[in-house]
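What follows is chain A paired twice: with chain B in the first complex and chain C in the second.
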Partner chain A sequence: MPEYTLRIRRYNPETGEAPYWDQYTVELEPHEAVLTGILAVKNRFDGSLGVRCSCRSAICGSCGMRINGQPGLACNTQVGDAIKKSKDGTNLIEIEPMGNMPVIKDLIVDMDAVHWKKVGRVTPWLLAKQPVPEREYIVPRESMVDVTQTMACIQCGSCVSDCLAMEADPEFIGPAALAKAYRFIGDPRDAQHQQRLDDLANDKHGLYTCTHCFKCIDACPKDVAPMSQIMRLRRLAGQDHHIEDVNNGERHEQAFVVLIKKYGILAEADVVPRSYGGNGITAGKLAPATMQQVVSSLPFMGKALLRGKMKVKDVLIPHRLEKSDLAEVRAIYDTVLGREKRLELNLYITGYDEDGEPTTELASDKEGATA
Partner chain B sequence: MPSHDVLIIGAGLAGQRAALEAARAGASVAILSKVHPVRSHSVAAAGGINGAVKVTDSWESHAYDTVKGSDFLGDQDAIEVMCREAPAEILHLEHLGVTFHRNADGQMDARAFGGASEKRTFYVADITGQAILHVLYEQLMKHSEQIDRYEEWFTTSLILNEDGSCGGCIARDIRTGRMEVFNAKSTILASGGAGQIFKPTTNALICTADGMAQAYDIGAQLMDMEMIQYHPTCMMNGFLITEGARGEGAHLINGEGERFMGKYAPNKFELASRDVVSRAEQTEINEGRGAGPDKAGIYLDVTVVPTKRIHEALREIVNLGKDFAGVDITKEPILIRPGQHYIMGGVRTNVDGEVPNLPGLYAAGEVACVSVHGGNRLGANSLLDTLIFGKRSGAHAAARASDVTMPSAPTSRIEVDAKKLAKIISRERTGRRVSEIKDELGTTMNQNCAVYRTQEGLEKQLDIVQRLKEEAKTAAIDDKGTVFNQDVLGHVELEYMTKVAETIVIGALERKESRGAQARADFPDRNDADYLKHYTITGDAEGQPVLGEAPITFTKWEPEVRSY
Partner chain C sequence: MSTKVAYWPGCVSRGFTPELHGAMNLVAPKLGLELVQLNRGSCTGAGVLAEHNQELTDTLNGRTFALAQQVDKAEFMMNICSTCQGAQSESQERLDANAEYRHEVNHTLAQFGLKYEKGIVNKNFLWVLVEDIGLEKLKSLVTNPLTNLKVGPFYGCYIVRPVERLHINDENPRDTYLPMVIEALGGTVIDYAGSHKCCGFPIVTMNKEASLKQAGTHLTDAQEAAADCLVTPCPLCHLNLDMQQPVAAKAVGNDDLHMPVLHLPQLVGLALGATPKELGMNKHVVRPTSIIDWSETVIGSIPA
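Entry: the complex of A and B
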């Protein structure tokens, strides 16, 4: 059996010493789980190694941690895969506690202080439509399959661990809790979609704080795709529930949509007025909110001009794509906007056809499905 | 010192359901668990939950299937209660927000399951337990003013009042090492099963027989302990593949390419009850017709199920196959074998969860034995068991609380447990580690007390278990700290497990017949004349096991020949 070196981040709150690394060598088959290795260390070398784990089959969500820099579950990360990200190209596996949460001991972090507190912010229970029926609620088949994707979240914290927006703004509700919010907003039995979306869109650290970095999608061991759920919430809030949020989030998104359709490429100087003032040719530029934003951004813009990151010419004359390229961009718009219903991707529904070949079958969004 | 009307130990489905029901009845509630509630092992239940919800189905049919599944060892009054209350409970869960799978008309859809005469297993893909557990936890958060949650608290013992009633528990905050007395008028044990006594097992690392041992220590009866369920489809590393796979139509194939279940269950094939299918597989393997490199397994062929349906309804096992065996189950069969999965036995209770000789103590879920599963539990009846008897325990415990005064254990009572833990932590390291002893316990139990059992093997196992029970008392640990000292808790768990393992082996030795999951190679037939009864085991003053008997309750159904 091949040997693997487990380099484990240790921290004992009782000694007053700083965190340190311990190193152990264990024999494992490449298909065995990193957790198997950690438990071998705990059972054979050092029983004081602190690690939460229970089911060993990726359903209880206890063993979230960073493995060679990648957040995920130790129980469903095979050592053979883990070493592909090894720092020195050898069988070295570096194991650290999750990020964005305080460490209690070794690999154990305080999920209550961060993750569960954030879950509490999305009113995490069904606010059921009244009256409650005698039998089950009659709802579209696809809607239940759809919310089951977010129901599949095991609250392991892997996405929270590496959320960049949360690193910048610790108050951000974050990927897991927002995915949980979709679980209710996507559920046709819930009566408070408008209120929930309103709360999330207008929260200063809510829907529009996500910076679209894909880290949470990459981290999630259950394919919940938290960022995709956040984007769906934005579409529901802005396009379907017409919520004009105090964060200018919806307008900011629409500014991108309009500008890229127009020029085929982003006209940066136009983004600020459209996001803050209004998404028209002149309306945004004259709005007081735009003025405020421009004035407060002057030092930043000054620096950019000095260092050549921004040119006066580009501000006045937006760049534009070649005509043929622009036509292709617009063709994408025509296809997407030409659909009768907005299409949303859902992993539970996006299936495979009978002979096993992947298809690009898309599930209609719940709003469309209930219509 | 926390005091509550109702204290619940364990926060899986039974515990959470009990907490919600007790709170609904107006009681002040504490729910205490050694792991965060959503980590509880109920989360792993995949396939679904049974109930005669459809208007074309009847609870009597469900009850008969359960009685037959139990090989007529189940108590029929309790089975009637469970099956009669099932439809309302499932609809209640739906109203709380469980995302049950729907049919094209938007009604809840059911799938076929083993031993059932109707499609009555309601499901959420293959994460039914997780979906229900998380929805109940949403409700705990919603009702947090009435329900105090003590997450990551480890119970070290139950409190026995001077008048012989149960007065709560002593527990340790795992995070800080602080110990507390939890006074309670009613205490509900909902701490789950004992699968870690076996290796391999489908059960989580936390399933260490805690509640059974704690109740046994204060005089409760353990009943039907010999009845250990081996699940027919476990991956070679022990992980569970849901019965839903066979419910959706998957086949079992032996090493000779034969779909062999017809020989053992000519009508139900792969959907016979679990004990029957596990024995069939084991027989094929024992007689040299196994599959795989050492002919030690059987093929589960899911490829006969339409691929799209696999992705929609069995997605979790697609991932399991890929992540843990490197097999794409949509394209090729996967090697499986029977594996320890569930214990039908447990703390003896009545239909309200009351432990007969211990007023104020209740048990519900896998820790309990009502007995609704008898010799063999039907798939998707365990979720139902946890919820129905969790609910009933919660209601009864709350009602009791309005009639009795709050007990108050002296704080000195903490010292008994605190000293015990301190002694383990400070002891000189001698002898084998906890992990080594646990390993020997699990491996030998799986050799000598598994699908097929013999007098010789069981006698040998009794010696082993009794030796390990002594050795466990002085096992070695490393951790000298207080914060998250999982090592010392592992030591306590090992003591629980060896104690309960002994009762399992004693039960299996005593029942010299084959009934349900108890298959004695030396007594291959069911013997209703001598063994149509429960065995109970209690601890005497020295903690030594004492065997007893209890009658089976019959209502409608006389024992008959059991075939599928």
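Entry: the complex of A and C
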């Protein structure tokens, strides 16, 4: 059997010592789980090693940790896969507690202080429509299939561990809790979609603090894709519930929508004023919030203009596509935004198809649209 | 023999970072790349338009793909922006995954006589350097090795995650390419905490404090690891790391931060004999030309 070196980050607050690394060598088959290795260390070398685990089947969500820099479950990470991220290219596996949460001991973090508090923040239960029916609610099948992805969450905290927005802003509600919010906002039985979205969109550390870094998508052992759920929440907040938030989130999105239709390519100089001041007649340029931003940007704006990075001409007259191409872009807008219902494809639900031609009837055929 | 590619420059490279587009045009012939620019393509939506409407984004990107597929004898499509790569890969993933959905998008494109055929190969310049040009060839083209230049890699989120969508795997470990390129050009790689993290740019108008803290933290980490400069394949990262650097420095209380940030084609161009000025390096807010002694590190290091 091959040998693996487990380098484990240790910490015991009771001793008053700083965290340190301990190293152990264990024999394992490549297909065995990192957790098996950790438990072997605990049994053979040091019974005081702190680790949380239970089911060993990627169901209970207890053994979230960082393995060679990657957040995930120790019970469903095979040692043979873990060493692919080894720092020195050997059979070294570095094991650390999850990030963004305080360490209680060794690999055990305080989930209550961060993860559960944030989940609690989004009112994670159904606020049922009244009156409650005597028997069950009848809902369309598709709407429940739609929330199955967020229901797959096992609360392991892997996404919270490596959330880059939370690293910079610890108050950010974060990926796990926002995915949980979608679970109820996507549920037709819930009565308070508007209030929930309004609350999340206007929180200064809420819906619009996600930086779109995809960390949570790769971290999640259950394919919940929290970031995709956050994007869906933004879609619902801005378009279906018309929430104009205090964080410029909806205005920023609208700025892109308007500018790409107007010019085909993005006029960056126009994004900032529209994000702060909206898409009104002055395109946000005279809004007090914009003015404030211009003043705070002076340290670099001046340099950028001076060095030919930005040209005054480009700021005033944005670059754009040729007329005929712009007409095509606008025709796409008209066709797509003219639909009664947004067409969305969730690959978690539909999966990837084999090669082949479409067999089902299409929306465009139904509408009798012309080619 | 040059390789013909359908070239998508993106918006920012022709707007706020004109030096990037210029540098790419300058290094392409040196690398044997013939760029056919897709002037008719539209903004990829940068992730924000997809947040508004997936089908709108996918149809606009499908149109650009269809235009690229019309370029005669082009071997693949290439971009110079991590964010363009990510946004286009997201659209492509949906278009390629589902025939019914693709048919729907093509139905819209048919009004302009366009059609997207499943399976376009669309690569960032970084991937092209390693997978198509090859590190050995790149090494052989170096005339001014970047000796003594300590370079920190900064990828941009959209080009390293999610790994499945971007086809990052054992065969193509695309999230490890920047150090390989830096070394092939003769430079020294600086390992620091922020190389694969977020620059903060996407939330600069929504949570400015967190955004600038992200940029400031990564720049400071690189500074503490003794980097001379950073290199990035993403012009949006460049905006937060270079243009906003004076305010990002303030956000993290670093009053001695002067970290030049190079676009990837600029770094390649230097090693292939172009001057900092030709590569537009004087256009940056943090001027690499005034901080690094190029006569020592690059210009003076031509091998005997």
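We adopt the following convention: the second predicted complex is superposed on the first by the 295 of 371 C-alpha atoms of A that agree within 3 Å, B and C clash if a C-alpha of one lies under 4 Å from a C-alpha of the other, contacts with A are read in each partner's own complex, and residues count from 1 in each chain.
Basically, a residue touches a chain if its C-beta (ideal position, glycine included) is under 8 Å from a C-beta of that chain, and two chains touch if they have at least 3 such contacts.
These numbers were taken from a predicted model, which means no experiment stands behind them.
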Using the superposition on chain A described above, determine whether A:213 touches chain B (first), chain C (second), both, or neither.
second
Looking at A:121 after the superposition, I want to know if it touches chain B, chain C, both of them or none. Which is it: first, second, both, neither?
neither
Report for A:104: first if it touches chain B alone, second if chain C alone, otherwise both or neither.
first
Which touches a greater number of chain A residues, chain B or chain C?
C
Using the superposition on chain A described above, determine whether A:304 touches chain B (first), chain C (second), both, or neither.
second
Just chain B (first), just chain C (second), both, or neither: which does A:193 touch?
neither
Regarding the shared-chain residue A:319, is it in contact with chain B (first), chain C (second), both, or neither?
second
Given the touch rule stated above, what does A:140 touch, chain B (first), chain C (second), both, or neither?
first
Identify the partner contact of A:55: answer first if only chain B is touched, second if only chain C is, both if each is, neither if none is.
first
Intersection of chain A residues contacting chain B with those contacting chain C?
351-353, 355-356
So in the complex, the part of chain B that touches chain A is made up of which residues?
35-36, 38-41, 43-44, 91, 94-97, 99-108, 124-125, 127, 130-131, 134-135, 138-139, 141-142, 151, 175, 204-206, 239-240, 306-308, 311-312, 315-316, 319-320, 323-326, 330-331, 433-436, 477-487, 490
Which residues of chain A touch chain B in the complex?
12-14, 31, 33, 42-44, 46-48, 50-62, 76, 78, 104-106, 108, 111-112, 119-120, 124-126, 128, 132-133, 135-141, 144-145, 147-148, 151-152, 154-155, 184, 187, 189-190, 348-349, 351-356
With touch defined as at the start, can you tell me which chain C residues reach chain A in the complex?
11-12, 14-19, 39-40, 42-43, 45-56, 59-60, 63, 86, 93-94, 97-101, 103-104, 107-108, 110-112, 157-158, 161-163, 170, 197-198, 200, 202-203, 205-207, 209-211, 213-214, 217, 243-247, 282-285, 287
Touching residues (chain side chain A, partner chain C) in the complex
84, 164-165, 167-169, 172, 204-205, 208-215, 217-218, 231, 234-235, 238-239, 247-249, 252-254, 256-257, 260, 264-269, 271-272, 275-276, 296-297, 299-300, 303-304, 307-310, 314, 319, 321-322, 325, 328-329, 331-333, 335-337, 339, 342-345, 347, 350-353, 355-360, 362-364, 369, 371
